[in-house]
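Below are two complexes that have chain A in common, paired first with chain B and then with chain C.
Here is the complex of A and B:
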């Protein structure tokens, strides 16, 4: 096991970490503003990935996969808010959490009913890996990294540079004060759910490009994404991204030690240990929700 | 037909045990346990392996409950430090991790192939009787025992404290009671019941594999509990009966609509459980039988 192997693992860890980070940021936005952990995030990502698959049937490339996947996921996310979560807003967060699990099951059921359980891949051209010293880099890997970083940057720009982003942060920080200052909660929520859905869509399509598209991919992504969210202090966008990277790296770098099968468990183990030492998360200082 | 009804009744009773355990945790104490299936699996594998190794059935059942209790104790402690929603998610991950361990440690659990040839209850007890009937009798006795113990517990001072924790944990603390010890106790007790249910399941089905212990089962139990009305012992029984009518009834859908394949049926079952969770939360969080104002 040379250092080259480790470097390649770390590189893969960063890519998977970015994908987890996108989903984690989606979860943290919803938690910060709608105040519940949304278990349907993963399955919205799955639908985004399958929407991308549908568009490849008409000859679409990477850009079409991403575009259509993200639009579908964002639209679906808004729809779920309008027909389900809006009506649950005045109930305890537990009600929304349980309903979101029901929604996750329902989405997966509809998907498996129509497309079956098979794993599929995007019909993208296979490109030879380019060696960078010890590192072997697939050109698609670079695309995945670029898209993920751009998507994350876009969300942070929205949160910090635009008026609606400032309102979102205000609602997250103190809903009553925000309302008293005349911020219309509905608009903030609509933008937030669109944003959360789009992030899930990016996460799902990138995971599909990096690995395979399957109806269970989103549910499997949910655990590491939740772990990343809690790790980075739930409600804290920067924390969610760093938590995602940490989980991705931990999962990949632990492969030589714990083997392939326990990779998924590592994210959970990291989370458990962290919760024992620092239950408020790593970045409790500047969270959206304190 | 009687044999079929009896078989359904055994599964219904096993699910009732799980619902009673969850009801104690969520319905009476407000602890969100999304990891029910993990403790069910621990019970199934513990008793299956113990009895296969030649130990008597009662030892297997006891060890199953103990193992599930032991496995829930450390995560139960986490519930003291975590917000309720975090804890729920941690439990979901814990159950997945248990399944991962069961799948990976094939030297012990047979991995994905599972364990076949687990002695049925009557074989383990050395009886000549119909194993379904014996399992039915034992499970019914277990359900009755758990109901009696739960009722006793709820009426006791301990029961008053846990219901107070559910309603207002800060108030309990203000009155000088420490909620932590009570929460962990309830959590461990409920999961011991789930472990016992798992053991009975293993000796009834006589074959266990990781596929039988997916998170969907946890939410079957959640639907059963919420339908019956969380915090009502009778509700747990009624909710499970309604659930079983659905789960078993869905088998007959294919007789009516022969064009539906089994994989599609499993999608439909998943979808209906999902829909039930959403509709219940949206319109009747107090359950179908519960009245407004009940927990």
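Here is the complex of A and C:
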């Protein structure tokens, strides 16, 4: 096993980690502000990926896939809030969690009914990989990295440089004090659900570009994303991103040892060790959104 | 017109009223203390006044306008500020961000400058997260945040609880200064001797009802009543 092989695995780990980080950031935003782990995050990502696939039928390229996928996922996320999670806001968080699990199964069943179980791919042109020393880089990989980094940067800019972002962090920090300070929770929640959906949409479409599109892809994404969220301290956006990268790297770098099929288990091994040693996650003392 | 009028108020949780048939008032620029032992209904009263309870009936008027049915987040726009007992700042936000998030502020830039002038300790710590402030700085930020929207009534829930004696003195000095800023104060305290010492009037709560209402100096002078309801000297 040469160093070139490991470098290529690490590069793939970073790409996978960024995709997981997007979904993890979506989960952590919802947890920080709406106070429950949203198990429908993966399936919203799947819908985004399929929306991207639909737009390719009209000749759309990568930008159209991303644009339509993100808009659809953001819209769906807001719709779920309006028709389901808003009504459960006064109930214990476990009610919203169970509802999100049911919603996830429902979305997957509807998708499977209409598109079947077959894996599909975006009809994007095949481009030869470019060598950078020992690293072989697909131009698509660079696009995936650029889009993921831009999406993450946009969310952090929203949280820290805008008035609505400050309000979101205030509601996450202390909902009663936020209300006493005049912050209308509804407006904050609408923006948060749009953001969470958009992040899931970017994650789903990028995963579709990198691999395949199938109704189960969101479920496969959800587990590493949950692991990343907990690893990076649930509710901490920076932690979610770093947790995603760690899970992605751990999965890819373990491939030579455990094989392709079982690499997903490594993420959970890291998670289990983390829960045993430091259950509050890696970044408990540095939460941005509690 | 009274700043705050509460009449025949019933408030509680689920199917149970904790506060029953409670009436009180706060006049403009008055400092009024609500005292009572644990479980007397003080916290329920505050939550009811701040619109945080579903189970509430009776009359609550602020400057003649009913507050019942008004969402909690509208109170700051009407002129009511609130400083909770604990978690009275946004710990993960910086000092400046704590002031920036307050709604209902007409000239935010000018008002923030005023607050930083009034509380100079915050000026030096403007980029520090509130969770990293000292106890005294934190209390100053809690007052600055509450004052941002130029309120005419401030509701303070046990502001001296768990503070060192030096900080208690500092907080009482801040409360006394509120009158000069055009703010009436409803001060809820469990150990209320020091609170009554800076107040105009006081109400003693027991089992969710007002059992005694009088001028603060008279309440303090009645030693038997003070021993029963006002805690240690």
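In the analysis below, the second predicted complex is superposed on the first by the 287 of 290 C-alpha atoms of A that agree within 3 Å, B and C clash if a C-alpha of one lies under 4 Å from a C-alpha of the other, contacts with A are read in each partner's own complex, and residues count from 1 in each chain.
As a convention for this text, contacts are C-beta pairs under 8 Å (C-beta built on N, C-alpha and C of every residue); 3 or more make two chains touch, one makes a residue touch a chain.
All figures in this text were calculated on a predicted structure; none of them were measured in a lab.
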| item | value |
| --- | --- |
| Fit or clash between chain C and chain B when superposed on chain A | fit |
| Which of chain B and chain C A:276 touches, first, second, both or neither | first |
| Partner, of chain C and chain B, that touches more residues belonging to chain A | B |
| First, second, both or neither for A:185, with chain B first and chain C second | second |
| Partner chain in contact with A:16 - chain B first, chain C second, else both or neither | neither |
| Contacts of A:240 with chain B and chain C, given as first, second, both or neither | neither |
| Chain B versus chain C as contact partner of A:231, first or second or both or neither | neither |
| Touched partner set for A:199, first chain B, second chain C, both or neither | neither |
| Partner chain in contact with A:177 - chain B first, chain C second, else both or neither | second |
| Cα-centre angle that chain B and chain C span when viewed from chain A, reported as a multiple of 10 degrees | 90 |
| Smallest distance from any CA atom of chain C to any CA atom of chain B, in Å, after fitting | 11 |
| Set of chain A residues, in rising order, touched by both chain B and chain C | none |
| In the complex with chain C, residue positions of chain A that touch it | 163, 166-167, 169-170, 172-174, 176-185, 287-290 |
| Chain C residues touching chain A - in the complex, by the definition given at the top | 50-52, 71-77, 81-82, 84, 87-93, 97, 100-104, 145, 149 |
| Footprint of chain B on chain A - complex, ascending | 36-37, 39, 84, 87-88, 91, 93-99, 101-110, 112-113, 116-117, 223, 226-227, 230, 234, 259, 261-262, 264-265, 268-269, 271-272, 275-276, 279 |
| Chain B - residues contacting chain A, complex | 32, 34, 78, 81-82, 84-86, 88-90, 92-94, 96-97, 100-101, 103-104, 216, 219, 222, 226, 263-264, 266-278, 281-282, 285 |
